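Structures for review follow.
Shared between the two complexes below is chain A, which pairs with chain B and chain C, respectively.
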Partner chain A sequence: MENTRIRPIRGFLFYFKIYWMIALQDIKSKMSYRSDFLISTIGMIAVNVSGFLGFWLVFQTFHEINGWKFNEILFLYACLLLTMTPNQIFFDNNWSLRYYVYSGDFVKYCFRPINLFFYFISEVIDVKGFGQFFFGLFLLIYSWIQLQIPVTVGNVVTLLVGLLSGSLVVIALMVAASATCFWLMNSGFIMVYIFKFTDYAKYPLSIFNKFFQVLFTVLIPIGFIAYYPSLYFLRPNDFEWLTLLCPVVGAIMVLIAYKIWMYGASKYSGTGS
Partner chain B sequence: MEPVIQINNICKTFKVLNRKTGIKGAVQNLFSRDYKEIKAVDDISLTINEGEMVGYLGPNGAGKSTTIKVMTGILEPTSGNILVNGRVPYKNRSVNAQDIGVVFGQRSQLWWALPVIESFRILKEVYAIPDDVYKKNMQMFSDLVNVENLYNKPVREMSLGQRTLCDILSSFLHNPGIVFLDEPTIGLDVSMKSKIRYLISELNKEKGTTIILTTHDMGDVDALAKRIIIIDQGKMIYDDNIAHLKTFFGAYRTIKITLPNEQFDGADEEKKAKFIADITSQIIAKNEKARNIHVSLDESELSILVPEAEVPLIEVLSTSQEILPVKDVQIAEISTESIIRKIYEGNESKSKLLSSEVKEKAE
Partner chain C sequence: MNSTKRELPFRRYLAFSRASFLETLTFRASLLLSLGGSLIYTAVVCFLWKSIFNSAGTEIVNGMTYPMTLAYVAIAGAVTSSMTIYLVWDIGRDIQSGTIALWFVKPLDYFTMNLFNSVSVIVFSFFINVVPVFILVEILVGWQIPFGINILWFVLSVFLGVIINFCLDFMVGTICLHTQSIWGINIMKEVVVSVLSGVTVPLAFFPDALRQVMMFLPFQAIFNTPLTLMITPNPSTELLIRSFSIQIFWIIVLVIAAKSFFKVSSRVITINGG
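On to the complex of A and B.
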């Protein structure tokens, strides 16, 4: 049978439109469960505030850690919160992947004529991530003012590029970690471990010993989430050359993670029904 | 009619680790490279024409899902050729997906949190369905089943039946050439089952869509499929129309005898089984030719399946009248269900026989 239908071009606009339709409806439906929405948003802010209180208390006793002042660490922490946000909001379905794979339900994603990874990830949007975003933004503006960083177009653009690179690193780590479920039965702990490691990204890498510095730069590159990008602002006169590499590292990591995910999905054959 | 699915000598083997038991075995498993090959699909060839409605049957683990996965392009066969809509499905998964629809009885593919109508609108974009086609199909759907009142309900708030109904509609939305229905009536009540069967049969008629239906419910097969394919242990054991199936084993009819009600009040399974065995041996004792009858008991109704090529039905009937307190008698044609069961069981005992022979030789 000859295929007469002309295949439409599946470009960025095509995917953007579909994503927009899903997101709009999803947010609308989540808003309709009002108390659920409010409680989860408040919960998210509470988690972040308590995390913040943790090192505020530390700085009541020690006024600096290895030459890092409170406001500098606060800036780093704000950057971490912001770079964690896109993963939190847009890639939350990563956490469910292993359940779909083990139960065989993942097969239901395989029959649409669109990109499999996009289709799977677009299904869930986690609105409570916005709570984290606003808290991070507040801390960033506060520390920015305290550190008296000049507000120039160059600085703002650099900050945005830095945050975007950091977000890509987080997304790549979590996508790759979730994709392990295509091969391993107990992949849950890998995701949890990787996620816990991102917690260390709120400390300056230089306070760790050499071993961890290498570990967090090369093996589990959480240094690129917040530390290397923010060095540009915190140590403007002697930031490391790795800072300039941030966007490249982010892009390459996302590409690799995506390839791993797609390879795993193509190996997947589902369980019998 | 043109073939839409053409399969020639498809095989699919999976490598499975030879697992050893015990703690020592568990450690060995970690390093073992000792794989055995399992043939999930073993040399299957078939041709399905445009507009056909085919029942695809087989016991659990027979290789049905694997064949469906090969046809939909998720799995690549180990050997053999396959063409679906003129394309090799596993090479063009995404392109092939544009021309097929897939429904799983218990796995909804609609967006869980969204109202159904929004899912339909998103699918319209995903499949690039032209406006007029979309409108026409939506009109047809509401003519066939009364679903408009469901459109604004989120999928997660629906009953299984409503969800399946919407899933089936959504799979026809983009006018696919072939729709695969995997146990569409599983877990549904009687009235929903008949509603879904009506819908499937109408969609097949009006749109001329080819439908491949896997099911364990013989009601589906009787109501929908004109042709059935049965596979077991990866091999195709039957491919013909359903009328022919009834003569597959020669002529069979069932004598249904209603026994007095009080006979089995409070009787347990063991007692019933003993009763069945007792009756069977009594009938065979009186009539040597009746050795292949099959007796079963349901409440106070006793069914005797009679192979008429071996023993006349009337002889078995008179024998049973002699030994049983008969309240009422009915004679029924063999049902599709019991034929299929005989096929599955027959195949199983054959292979058991084979494997025991092999064992004996090995010893």
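On to the complex of A and C.
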């Protein structure tokens, strides 16, 4: 039959439809635990609020950090929250990858005529991430108004591009971290580790010495998550050329992380049962 | 049956301490990585507070100097990571999977068993994490943190803090009996403790009114009390007595609260499949 022919590469629309079908099932099952959903969403927002409170408390006593004012730090933090959101909502299944690999259940993903990574990732949509999105958006709008950044089409588009490239960096880091479990048993602690690093992205990179600036730009590039993109708005006159590189860095990192993940998956040999 | 041999009150629980200690030993890679994480955290907060104090322009802010603040924040981070033992998750899973029923039929107290289980792991990972971080801090601030009797008070007080934190963890784990949500409950507890105990920002930098309220809550007794004792060169007898009696007061209150809350809650346990 014509339409059962397996084609290796499918169109965007096809994947979009499949994604919707799979993700909908997940949302349905999540909604049957309503109190868990509510508590988790509150918990998520509580984490974000505590990050905000940390800065707020510091600025009760001090007036600036290395030339950065409260509203600028807030802008940076809002950018971080927003760039963390896509990873939180759409790539949450990576946290479970090690269980699937360990127990052997991962094999079920290998027998579908669609992209392996796509199928695995589409299985979970983490709804509590929306709490983070709205809190981040609120902080961003608040600090944007306080800083009196002009609202122009150019600025909005630049911000969106910046946030998108930051999100790609987060996604790439977490995908690569989760892929380590194809080689190391139970490598959850590596994910926790990298996740903690992303939290340091809320500090302006300029407070660190040269060694750490290079470390956070090249080796663990958390500077590209929020700092370099937001420099465009906070230091419009002397932002660094690295700011312009953000989209390229994001795209390249995601590509590499995807390759690592797929390579690990291709090495997966099951548990033998 | 009266002739059963008398044993030391907690002897049977020591077996759990030993077992969980040995279990931790088998995960050496993750222990080393957690130390690496604590050291990097120390470096990050070092830069952060150095630039904060540089911008302030004065040496002493609210009675805290830069070396004191760094020692406070970095050691708080190291103690936190040695206290993170996922007890809430363990209890939550015991409840959700039903294994908790097996503990009820054994001649053991679930609370005491978990306490002995946790304490040995925490003490072990305390030495792995806190000692190197302390040395790093001393190097970073040029040995300005006193090294004497204050360390003894700090260690004693941290130990009491660990028990307070354990009681809170146990209570939060018990809440999972009622809500079936582990992640959300656990994360909320972590946030509340890390903000209200001074781990994120030392209590000295809190606005006055807020600090007054904080002093009446058990959270500050987990971190703020031991860390204050550590960075105070010559603590007065009054400070020592007050610190320790507040901690002991909270231990008594929270042990009673945790045990009775668990007792009440265990009546409503429903285990799938009967």
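Criterion: the second predicted complex is superposed on the first by the 259 of 273 C-alpha atoms of A that agree within 3 Å, B and C clash if a C-alpha of one lies under 4 Å from a C-alpha of the other, contacts with A are read in each partner's own complex, and residues count from 1 in each chain.
The rule is short, and it goes like this: contacts are C-beta pairs under 8 Å (C-beta built on N, C-alpha and C of every residue); 3 or more make two chains touch, one makes a residue touch a chain.
It should be emphasised that the depicted structure is a prediction, and the values quoted were computed from it without experimental measurement.
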item: Touched partner set for A:123, first chain B, second chain C, both or neither; value: first
item: Touching partner for A:17 - first (chain B), second (chain C), both, neither; value: first
item: Chain A: partner with more touched residues, chain B or chain C; value: C
item: Chain B versus chain C as contact partner of A:29, first or second or both or neither; value: first
item: Chain B versus chain C as contact partner of A:39, first or second or both or neither; value: second
item: First (chain B), second (chain C), both or neither touched by A:107; value: first
item: Touching partner for A:209 - first (chain B), second (chain C), both, neither; value: second
item: Which of chain B and chain C A:50 touches, first, second, both or neither; value: second
item: Overlapping contact positions on chain A, where the chain C interface meets the chain B interface; value: none
item: Residue ranges of chain A touching chain B (in the complex, touch as defined); value: 1-3, 5, 7-8, 14, 17-18, 21-22, 25-26, 29-30, 105, 107-108, 110-115, 123, 269-270, 272-273
item: Sites on chain B touched by chain A in the complex; value: 2, 4, 50, 60-61, 64-66, 69, 72, 74-75, 85-87, 93-95, 97-102, 104, 107-109, 111-115, 118, 121-122, 125-128, 154, 177, 182-183
item: Residues on chain A engaged by chain C in the complex (per definition of touch); value: 33, 35-36, 38-44, 46-47, 49-50, 53-54, 57-58, 60-67, 128, 189-190, 193, 196, 200, 203, 207-209, 212
item: Residues of chain C touching chain A in the complex; value: 29-30, 33-34, 37, 41, 43-44, 47-48, 50-52, 54-56, 61-62, 179-181, 183-188, 191-192, 194-195, 200-201, 205-207
